[in-house]
Amino acid sequence: MLKIDESVSPAQKLWEPFGAPIVTADDYIASLRGRGLRVFFMGEPVAEPVDNPVIWPSINAMAETYRLATERPELAAARREDGKLVNRFLHIPTSPADLLAKHDMQRELGRRTGTCFQRCVGMDAIATLHSVTFEMDAKFGTAYARRFRAFLERAQDANIIIGGAMTDPKGDRSKPPHQQTDPDQFLHVVRRDENGIFVSGAKMHQTGAVNSHWMIFMPTMRLGEGDRDWAIIGALPVTAPGVTYIMGRQTNDMRIVDGGVLDAGNAQFAGQEALVVFENVFVPNEHIFMDGEIGFASTVVERFTTYHRSSYACKTGLGDVMIGAAAAAAELNGLEKVRHIQDKLIEMTHLNETMYSSCVAGATRSKTEASGVQINDVMLSNVAKQNVTRFPYEIARLAQDIAGGIIVTMPSEKDLDNDEIGPLVRKYMQGQDGADPVDRMRVMRLSENMTIGRNAVGYLTESMHGAGSPQAQRVEIGRRMDLEGKKNLAYHLAGVAAKPKV
Amino acid sequence: MLKIDESVSPAQKLWEPFGAPIVTADDYIASLRGRGLRVFFMGEPVAEPVDNPVIWPSINAMAETYRLATERPELAAARREDGKLVNRFLHIPTSPADLLAKHDMQRELGRRTGTCFQRCVGMDAIATLHSVTFEMDAKFGTAYARRFRAFLERAQDANIIIGGAMTDPKGDRSKPPHQQTDPDQFLHVVRRDENGIFVSGAKMHQTGAVNSHWMIFMPTMRLGEGDRDWAIIGALPVTAPGVTYIMGRQTNDMRIVDGGVLDAGNAQFAGQEALVVFENVFVPNEHIFMDGEIGFASTVVERFTTYHRSSYACKTGLGDVMIGAAAAAAELNGLEKVRHIQDKLIEMTHLNETMYSSCVAGATRSKTEASGVQINDVMLSNVAKQNVTRFPYEIARLAQDIAGGIIVTMPSEKDLDNDEIGPLVRKYMQGQDGADPVDRMRVMRLSENMTIGRNAVGYLTESMHGAGSPQAQRVEIGRRMDLEGKKNLAYHLAGVAAKPKV
Amino acid sequence: MLKIDESVSPAQKLWEPFGAPIVTADDYIASLRGRGLRVFFMGEPVAEPVDNPVIWPSINAMAETYRLATERPELAAARREDGKLVNRFLHIPTSPADLLAKHDMQRELGRRTGTCFQRCVGMDAIATLHSVTFEMDAKFGTAYARRFRAFLERAQDANIIIGGAMTDPKGDRSKPPHQQTDPDQFLHVVRRDENGIFVSGAKMHQTGAVNSHWMIFMPTMRLGEGDRDWAIIGALPVTAPGVTYIMGRQTNDMRIVDGGVLDAGNAQFAGQEALVVFENVFVPNEHIFMDGEIGFASTVVERFTTYHRSSYACKTGLGDVMIGAAAAAAELNGLEKVRHIQDKLIEMTHLNETMYSSCVAGATRSKTEASGVQINDVMLSNVAKQNVTRFPYEIARLAQDIAGGIIVTMPSEKDLDNDEIGPLVRKYMQGQDGADPVDRMRVMRLSENMTIGRNAVGYLTESMHGAGSPQAQRVEIGRRMDLEGKKNLAYHLAGVAAKPKV
Amino acid sequence: MLKIDESVSPAQKLWEPFGAPIVTADDYIASLRGRGLRVFFMGEPVAEPVDNPVIWPSINAMAETYRLATERPELAAARREDGKLVNRFLHIPTSPADLLAKHDMQRELGRRTGTCFQRCVGMDAIATLHSVTFEMDAKFGTAYARRFRAFLERAQDANIIIGGAMTDPKGDRSKPPHQQTDPDQFLHVVRRDENGIFVSGAKMHQTGAVNSHWMIFMPTMRLGEGDRDWAIIGALPVTAPGVTYIMGRQTNDMRIVDGGVLDAGNAQFAGQEALVVFENVFVPNEHIFMDGEIGFASTVVERFTTYHRSSYACKTGLGDVMIGAAAAAAELNGLEKVRHIQDKLIEMTHLNETMYSSCVAGATRSKTEASGVQINDVMLSNVAKQNVTRFPYEIARLAQDIAGGIIVTMPSEKDLDNDEIGPLVRKYMQGQDGADPVDRMRVMRLSENMTIGRNAVGYLTESMHGAGSPQAQRVEIGRRMDLEGKKNLAYHLAGVAAKPKV
């Protein structure tokens, strides 16, 4: 199927910009400058995302992954087969311990940033490709696994960020890709030459796309005969010609601009999504990891979602912050010891640890694929994510209960700077005697930020839809619930001799 | 206690600006112009609130109450004792039918605006004062009821908006008002002369304060000996010298400015709260309806919360919009007929009608106070509000589930106007074939607006804390649950002859 | 359709046994004796149900409806058109007040018995037939309404109990009645003569069947062409030849026999169901109220379920007992004042009053049918029942939480009578100092009775399935949720000019 | 392993009856015969529990632990330090893998029996004593660990069942043991001599007590100065003179007698509890493992509850049966493919696996105590149990929803044997064409058994109260939720420089 000739490699050239490996967060931030990405936000081109105040917190959240790798390598780095220490976000897990460490890293980054740090899609994509390329090669005699490993090794050595791109716009949901009125509603091959392919289409909701160095695109659902040009996986630098990034608006995205640090609630960290449009984008053969193997599209999706649904362990880190914000609000309101508030904090913790439990259990009960990669238990991973679509909403509701209505009626930090009314705001924002009213405002703004503000995007709505909406998990749970086995248990205990024929 | 001499009435003068009665929404809007209120927003004075794009939607939501009274007087108006038709927001209810009509008016206004229309606090305050002034007069021989009725009649004739002001900043919650380090943490009398009193302090979370004509202030909690100067109820024009309004920030409040009509989600309607500061504000004797009767402070609070907790019937109107938004999103996504989506819409409806049920039941089981005013059943009113602190959050969660992640990752309407990317956004925002992608964006922004945007303030957080936080309702339910009576039922059926002595 | 000749009325004769009207509970009990019903329980014929210790509590629960009518006629009786006072269970409601009184009577009987008092199906059947016979007559020129009113008047005058019989066995649920392998899976006409019809089939789950005097049978679902012989409504005395009653077993039904009064938990009251089999049972023309009008079968079902779903107001009376039992258990455990227990009692009350709310609201928002009968609001009645399928389970769970594990591990009352161990049981069942340990045992057995014992049948499972299983209510809510109207609200506020064409 | 010098050992004699080790279930059952236990049930002495039809199913459930050890030793057996294979219920866990295997064994036994198999308390007691005796010895120089290990080794070699006894009657809960009016409300030392001690008191809710060979008693709560005689741990054979067993009544316990196998629902397996009374029962020194070390009483309780709360992994096995019973009921009703039923089965599975998750996670995150024993993570173990106090009730509610009301109205199996009505019952119990109606009855009875019948005791109420009532877990979660750490996360992200002094 594939004609492979890499004597003169167009892929080689794409790696040239990635020279000395990135080590620190500063290295990373520097690596993002001057790349000339085609980025738009609110109808205007963004000359330099790093300098854009709305985009910056999302870059800084990603930078935290480098900081953690430096500060706590036991958590955020791992040893490659050859012994080299690589960033865990670029690491292929080969044991339950690897998956457990991954989830703890995710929780810790959630605790440090209070938002989405945007690297998990890429991490889960490479784990997925490890087994899928291996299995395609075994079945079809292709060379995807070799290509993929070469690609990954380069990425590990350069210590770059790989984003993952999966969700297509999907157009009319009742039709397969090749029957869409607009074929671009799913990313697909529009042209081929001897060096590679050209793809067009779009990917939605791409978290951290403009903050990455490379991206891997993958099909978003089961494909059938007729969909071969849509059964495509490849890697490309985010700077590839023909790629356009249209940043999404988030709740309160402009707070940092129109208000300031206090009004922002969490001024340092945020996620941010982009609609990524591909127009005739070239991918050299060496970076193609699937091309037409329609039967493996559903395998990709199932493996990826299995990894990624457990990756929502991160939300328990955000939950730690949310619980802390509620406790801090209670403290500054002078109400921390009140019984019903303590009880609500206990309930929030209980729900948070329940979510965490299924991530840990799914890693513990993980299995090793033929390629050697370790993968979470499918049932438990889906159970984990299903709880993530529910409990953060309840935790946030309880946080609003504890904080008080002030989180939605509070004056701006700009009012503090006004000579006439600043003293009045301070006077009446005083809670507990002795507390600084501005500290109280800060904590209230953080609670707003996570329950109804910018990071509610990551804490709530992304918890709902990331890695698949709730119904997707229910379908998977339904597939694996083994009703026949369970019915047999019941028939046995009920004294039904043989399974009834019905 | 009060020496009343009204031969020369300072109160008379305060009514002079209110000449011809307000009839239409336009009359109302005109009446707000040029009043010279001292209003601040984000650190700057607001010269004319009517012209402020962030404040305007909250004025327009209030204007809808005049529109409804004109269009559907059977719902939004009622006959005074003397047969004159008055706006229902200024009407004293005297029957279950009155309270039922009130709740239906509230639901209808919620359906029309999708937000808080801000007049219920004032409406519930006048119903409260009808019985409380009557009972104080009966006990102490004061003349509050006569004063209050004269005041109310004037307000009805002028057809103005009366706001209610209750929530004090409260400072250190473990201390009564007179023991606070800062006595202004509760609004109180700071000076008296023969014509009236001067009050200082503040009221928090004042919905629609700058959109009203007059306000009635009331104590916020049970008071004791030593708190007499805090046991004060009075009415004053919102233009009274010494009153300052500091507008709160709401989630996405600036969307209408930085984005536009589409990005705003619901560009026409919103609520908005202010911190209202009182500095030596004069209230003439004729407008004082309580002055030192500490024993009645808790009566005021209980009566008011009973009325006001049932007033959250409005949220079922917002719920109708939220359910409609979810159904519209499903329709434009091409998924309306999908089973699990239909089932979620049913669940949302079930929860919405459950909330409505307790409001209706509380009105049906209402009773008549000695003054002749009708009041909702206390238990059922608290039950209604308790459900309101829970179900809108679940309805909103389900709405996010149905709408999809697009509500938090969607480009700005400004991107639509950009020649380069506008066509790309339209292309990839296409859902169901044949639908207008911009319509889909509008519906998604409305869903954002109500679940995580500006009107989530009114739909969610205000549902939590308005009319008292959840625990306040639980305390009331606990007081009235008649455990002794219920234990007797149990002892009787269990065959325990006499109630055990324990 | 019907040839009616009543010159010599076989119906007349059927009324002969009902001479002097029943007034007291004792009259009622006497009226049940010596009727020679064909009743079986646990494989044996029951000679006299009144003397059967397992059946007796269900008779006594029905008797309580007579006691209430005597003690509190304002609640349990009502005036017929001609001014005569009749039992409310035989009364046609003609106003919201009638329906509200009905629900309060139901709650009160729930409070007095802690179980199902079994008369609501019959009551709701007669209200249903009032409008349906009227409408059939209007459409087809039949005389059903006259017959029905004559029947009802006789029943009212004799003050007897009419049971309602609806649920057929249903066989293969994918097929209509006339396509069933066994036509008897739905009750139907098997023969006709000039005097009347002969029916065969069965009715399941018939609460209180053997405790009634007459029963009305009705179709259980929408019928179509081919099902005419199944579209049959009629009345017959429970003593009619060809009727067999097979009593169902209930959890702990034998406790009163093998243990005794204490072990039974609630020794005086219980419900009990029977499978009622009809074999060629004759119904004279005068007692036929539908015969072949297939189009009205779904009307009967919808009207009946609307009435009957609100009739679950009774469960709030059981809820009062359950809450009382939990509070009594806490009291005797010495833990009544503990915060988390108080909070659970509040939650139980909140849920109980939430159920009650929708019953009251559905009665308040009721409407008058063409025949003059008043009917609850369909949406709110379904909402009421939907909550009834959830909240009693949660209330029971909390009751078990409060009572403690002792409710499932407690010795028998027979152990109390044993000289060796009786004193030990008393010693170690002592809770709160000073309390009688046997009283504590009684209360614990009542809690067992309602959560996992005999009356859990009525409090839990019947709450789930009576008047239709949960999904049936969801279907009705779905039919009436007016998504088009709600979408229009959303499109309007979202700024979508015209409703999108999709 | 241990060198024991027992030249004159009263303990020695107690072991004499335990000769050849028990291997098979039959061995076990034989070992229970002829022991002359003083057992009472329903006021009568039980001569031979093995032959009592009500007690038998609880013995058979315990026997299943021997069957599993034979059939699947990899699951139900483990290697002792010296390499000898011992029953896992007698094994000291020393790794996460040990704890994981334990939980899987528990789930499997739940699947096989559908009830409580009664051995977990003893298993968790020995794990607890391993570390606590070690730590007491380290602190006080006592020899408890040596004694305990000798005892355990004998038990392992004989392969007997050790029960654990913890819950005291507790009397007046506001007073410590030594201030109780009746000192026996907590088990305590009443006399000492040179050979040992004599204890009196009682233990409540003792699952499987009469089915065990030995029991270990432990204090039930934190003790203080004055409570030394209550700070006692010891082992004794269940046959010890002075011990009396009063069996508790369970819901439907007599069904197997008054109905039969079908009516019982699950005729083979059940749990059963006893009130165990101790009157001057002798314990030789060698079997005393704590005597007066009051400071360690709370350690015992905390360690034990940590183990035991995770042991509720068994309920996920019962959950498998419950889900299977619901699916079987749907199948025989002909409704298995109906969407809302499938969705309910998915929800039941989701909840069941969520419970399982926290057990697995608590084992994965377990730690090693100083003595070498492995113990589950305290937080996650409490989270596991907290979910167990909620989810089985919801699973059971959904199972009743799916099964239909027939589970509470169904005739007895004895009706099947009656010539007159047997055919009628069969005819009308027919569901899906082709199914055996008696099979349908069996499955319905199993559903009744687990939701409202005998094994609802184990599946529901024991899930609520076993290993501590829900509030006990909340207290533990509250103690460990690290609010200070979480507040610091929030203060950091909110930009509060230093933690506020309040």
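Note that the chains take the letters A, B, C and D in the order they are written out, and that residue 1 is the start of every chain.
Assume contacts are C-beta pairs under 8 Å (C-beta built on N, C-alpha and C of every residue); 3 or more make two chains touch, one makes a residue touch a chain.
In this text, all values refer to a predicted model and were calculated from it rather than measured experimentally.
Student: Indicate the lowest number of steps between chain A and chain C, counting one step per move to a touching chain.
Tutor: The fewest touching-chain steps linking chain A to chain C number 1.
Student: Counting shared numbers against all numbers at the contact of chain C and chain D, is it over half, same, or under half, different?
Tutor: same
Student: Measuring centre to centre with CA averages, how many angstrom lie between chain A and chain D?
Tutor: Result: the chain centres lie 42 Å from each other.
Student: Quick one: which residues in chain A touch 2 or more of the other chains?
Tutor: Residues 334, 340, 343, 432, 474 of chain A touch two or more partner chains.
Student: In graph terms, nodes being chains and edges touches, is this line, ring, star, complete or other?
Tutor: complete
Student: Which bits of chain B are touching chain A when the two form their complex?
Tutor: By the definition above, chain B touches chain A via 40-44, 169, 171-174, 181-182, 184-185, 202, 204-205, 244, 246-252, 254, 258-259, 263, 273-275, 277, 333-335, 340, 389-390, 393-394, 397, 400-401, 404-412, 414-418, 420-421, 424-425, 427-433, 448, 452-453, 456-457, 460-462, 464-466, 469-471, 474.
Student: Tell me, which parts of chain A touch chain C in their complex?
Tutor: On the chain A side, the touching residues are 339-340, 343.
Student: Applying the document's contact rule, which stretches of chain B touch chain C when the two form their complex?
Tutor: 100, 111-114, 261-262, 265-269, 320-321, 323-325, 327-328, 331-332, 334, 342-343, 345-346, 349-350, 353-354, 356-358, 360-365, 379-380, 383-384, 386-387, 432, 434-436, 439, 442-443, 445-446, 474, 477-478, 481, 483, 485-491, 493-496, 500-502
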